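Lettered A, B, C and D in written order, each chain numbered from 1.
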Amino acid sequence: MRTLEGVIAPVPTPFNENGDLLLEKLQENINRLFTAGVHGVVLLGSNGEYVYLSEEEKRDVIRAGMEAVPKGKLGLAGCGCESTRETLRLIDYAYRCDAAAAMIVNPYYYKPSMTPNALLEHYRHLANFSPIPIMLYSVPKFTGLEIPAPVVAELSRHENVAGIKDSSGNVVALHELLLKCRPDFGILVGTGSALYAAMAVGIKGGVMALANVAPRETVRLWELCRDGHWEQARRLQARLLPVNTAVTVTYNIPGLKAAMDMIGSYGGPPRRPMLPPTQEEKTALRRILFEAELVL
Amino acid sequence: MRTLEGVIAPVPTPFNENGDLLLEKLQENINRLFTAGVHGVVLLGSNGEYVYLSEEEKRDVIRAGMEAVPKGKLGLAGCGCESTRETLRLIDYAYRCDAAAAMIVNPYYYKPSMTPNALLEHYRHLANFSPIPIMLYSVPKFTGLEIPAPVVAELSRHENVAGIKDSSGNVVALHELLLKCRPDFGILVGTGSALYAAMAVGIKGGVMALANVAPRETVRLWELCRDGHWEQARRLQARLLPVNTAVTVTYNIPGLKAAMDMIGSYGGPPRRPMLPPTQEEKTALRRILFEAELVL
Amino acid sequence: MRTLEGVIAPVPTPFNENGDLLLEKLQENINRLFTAGVHGVVLLGSNGEYVYLSEEEKRDVIRAGMEAVPKGKLGLAGCGCESTRETLRLIDYAYRCDAAAAMIVNPYYYKPSMTPNALLEHYRHLANFSPIPIMLYSVPKFTGLEIPAPVVAELSRHENVAGIKDSSGNVVALHELLLKCRPDFGILVGTGSALYAAMAVGIKGGVMALANVAPRETVRLWELCRDGHWEQARRLQARLLPVNTAVTVTYNIPGLKAAMDMIGSYGGPPRRPMLPPTQEEKTALRRILFEAELVL
Amino acid sequence: MRTLEGVIAPVPTPFNENGDLLLEKLQENINRLFTAGVHGVVLLGSNGEYVYLSEEEKRDVIRAGMEAVPKGKLGLAGCGCESTRETLRLIDYAYRCDAAAAMIVNPYYYKPSMTPNALLEHYRHLANFSPIPIMLYSVPKFTGLEIPAPVVAELSRHENVAGIKDSSGNVVALHELLLKCRPDFGILVGTGSALYAAMAVGIKGGVMALANVAPRETVRLWELCRDGHWEQARRLQARLLPVNTAVTVTYNIPGLKAAMDMIGSYGGPPRRPMLPPTQEEKTALRRILFEAELVL
């Protein structure tokens, strides 16, 4: 199993104005990212609007996206569905497309039923039957549910569980998790604002929307941290903080896509019911990119 | 458009031990419900584990379920998906199966983007293009998001929006909503514990899991309220409260299905990752049904 | 022990522009309330800004307020402090001022330590040592903590616990509580919006900010419910809903006080850090009172 | 104004078994802390059970505590009350006892009224009239309310606002705050689990319960961070994480006090309604201290 580390971009899914898939744009974006130095991509993460795609479209994105991942680079596919059986089916497809691992968001709709035990059984079943490693995915701001730390620690003992993307942004929790999981368990921070602090506590990489908008800078930040240049790293992190906040909190995915348009990638509109940013919001967003020296 | 009122059962989706659909059991359960006097059924609500079904399975359930709905009775189909386009596609299928209306849960994954305006545009688009009336569905305990009252009031002006199922259990909010919506807007309470109090404030019916376990009693409660026999109604509601709590809060959907098995319907197991109740839980559940005089 | 029932007004604490206590205004307000027919008053509830008063001021309010309560009417004193010993001390003072009972908000600052067991021991200790009956007070919108129903049920077995003011507004929870507590336990609804529905499920009264602004109407609503005139009661409740929302949710305590000024009682400014309503807010508030026929 | 930095211990308030204040024990504990090298103490923080004390007792603690603070060391006093006027009165007393600054928790009871504007006006009024600098205190786990970052940034422009204790444990938020506040604004992390990561992003110190149980180790951790020995610091932080979790999350203040008893300080019982740890909890706690090499 490949170690999960480095800068991994959770790529958005490009649509045209009618909301139809643009698979070539997806591949072009992926090419640009790898050219800029990122170490991997995740297809069909939250930034990929995976909940807005039909099953067939999910397959199209996985197939087209994986084709664009160069040999030796990490190509991960978001395969989490609410039911265990649907998830396994999508994992199987990802395996046939040569995904390095399947990222599995925890089921969350029936919150009161998603006890630690139910989550353990779900993930164990997937890990037992998946032909590729699985990566846990905890993103409480969307799911309203966290994978509890003891569940993660327990699952880290399973050889087919490669790691976790933790999007809580809680650096202390990442530090504690690191001490509880098996040594080579791939703990990835899920937000670009926390990359520096997460690496300071020993985390080895992240899956970060920011990498879609500032791939070179994010990779540079990762390298500075890896090499222990903490002072320079901290300054670069500070420069990128407002950008990350803009594309993940203030303007969300519609803002992330608009920012990609501004830097010369293809962002395009989000799918409905998400609304594109207003003109004022775009102006504010462009200013933030300008101040971070990402656009002229 | 048919007025939305009366006792409507959100029917569970029956699976065998392997998790495969049992469409005949679904039809038998629906038959039993109508024989017992319920006024309508909802397919693919939260109790129908709709998030666990593939698109194809959802169609199978709608088709088979609608076949079992007698002429003149209400057959509603849960068609809410995260994306506007997926939702419309499922609505179209429900229309072809003669659903009286499509129940549409609000999109909820991208919570910060689901502003009142985004929800308004989503529902308006659906209402404009749907060949059948739509019914809003707000169930914050699962979605973590409420359809704001002003959005509901605004949508109640649209002639193709038939009503709302509000599962918050907040009786005062139902009373306030009643005063803000158009007079014939079908406001339905979404939990059997609140039927009596909801009807006391002027609500005309409910979509209630309880109706799957105690259909005759729930219809009787509805009739007592309709006819102003408040004292009797209150006593019957009190008798049913522990049952409702058991099948919606304490033991959730797995408990609802187990209770259906106990009363002679087909409940069967939930789909994974939901876990069936333990033997102890079943014993406690049976005792609750016994004390409410629903089993011997 | 007097049965807790009827319309009880949680009286605000009047201040002048400098924030000093105006005890005479308090007494005049109380006189007006009893003249209008309310059955009781609570001093130092949340509407009484009790957290803004020094210990000495609390005593002044209890003494002056109780003096204004006519013989045979209910005069309750909010005595809840974070610590058990401080609470007991204030209860003793309330006893000496002839308070009929002491209202005790649950301690809430150290939320994780306020386990059901800790709350049980706290209230039991108070009930054992208090010379007057105590009334529980659960107001999660301010405290962030609810007194769990099993704790309330358990405490209702104690002969010196007279009842509870439940400000959650959850009518179904009130109904369930009613079935779990001893028959003469005084369960009071804590918000005027829910009075009608609460009485429909069997509750006997309420402690309601609304009673400060519309005392006659609130008493009339209570009487209509008591006498089973549900149709008239529902219409009156509907008329009062916007007023209650205004003085408890939209404009809070500053709005409640402003509304009291408008109807001819003394409201005055809230204490800092609470800010008085703006001129626009006052205009909107007056319009709501006008539409409910409470001002000309 | 003294710069707020270094290791500051929020000292518990010692009680005997009857719950009476033990001021000598407080002074002995403070002596031990300064002997162990801490840079300052806070009296009447959350760990000081300040909400359980009468006004007179608060004064006693401030007076006795400040007497024990050596010249040139930081002695801070928690003076936050719900009302602006009560807070000012306690600040005045702290000033007369030579407190270096007054720590002011944000008012939180009337959450909906505590708008950014209300908080700004409250703190500005205090800063304008306080004879000593004030330090903001945000502790959402107890108050249910955060001082919003823009409010903190705005207040950092006031020359009599010395800094903030932020107990959210959100390291990214601390990093962002650092970039928005005036350069010498004293931002202190409020939990020992985050000291290392907070200092990695540029924070200069903390107010940490941990310092009461492991003063030398906490100071050592601070020095390692200050001197850029990140690798050693990270290992020491890892060793202290379980202790911090135990005395702040798992066993809370009763656990903190029990741990102080175990290391030879005076902890004693918490005041009611908080309950002391059970024998099993104490055994588990001692084991955690033992594994961190804090007891034999």
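Here is the rule we use: a contact is a pair of C-beta atoms (placed from the backbone, for glycine too) under 8 Å apart; a residue touches a chain by one contact, two chains touch by 3 or more.
The structure presented is a predicted model; accordingly, all values stated were derived computationally and were not measured.
Q: Can you give the whole-Å distance between the Cα centres of chain C and chain D?
A: 35
Q: Round to the nearest whole Å and give the separation of the Cα centres of chain A and chain C.
A: Chain A and chain C have C-alpha centres separated by 50 Å.
Q: Taking each residue of chain B in turn, which ones touch at least two of the other chains?
A: There are none in chain B.
Q: In graph terms, nodes being chains and edges touches, is this line, ring, star, complete or other?
A: Its topology is that of a ring.
Q: Taking the top-of-page definition of touch, could you list the pairs of chains it picks out?
A: A-B, A-D, B-C, C-D
Q: Over in the complex, which chain D residues touch chain A? Could you list them?
A: Interface residues on chain D, with respect to chain A: 169-172, 175-176, 179, 191, 193-194, 196-197, 200-202, 228, 230, 234, 237-238, 241, 245.
Q: Which residues of chain B touch chain A in their complex?
A: That would be residues 19, 46, 51-55, 82-86, 107, 109-115, 117-119, 121-122, 125, 141-144, 249, 252-254, 270-275 of chain B.
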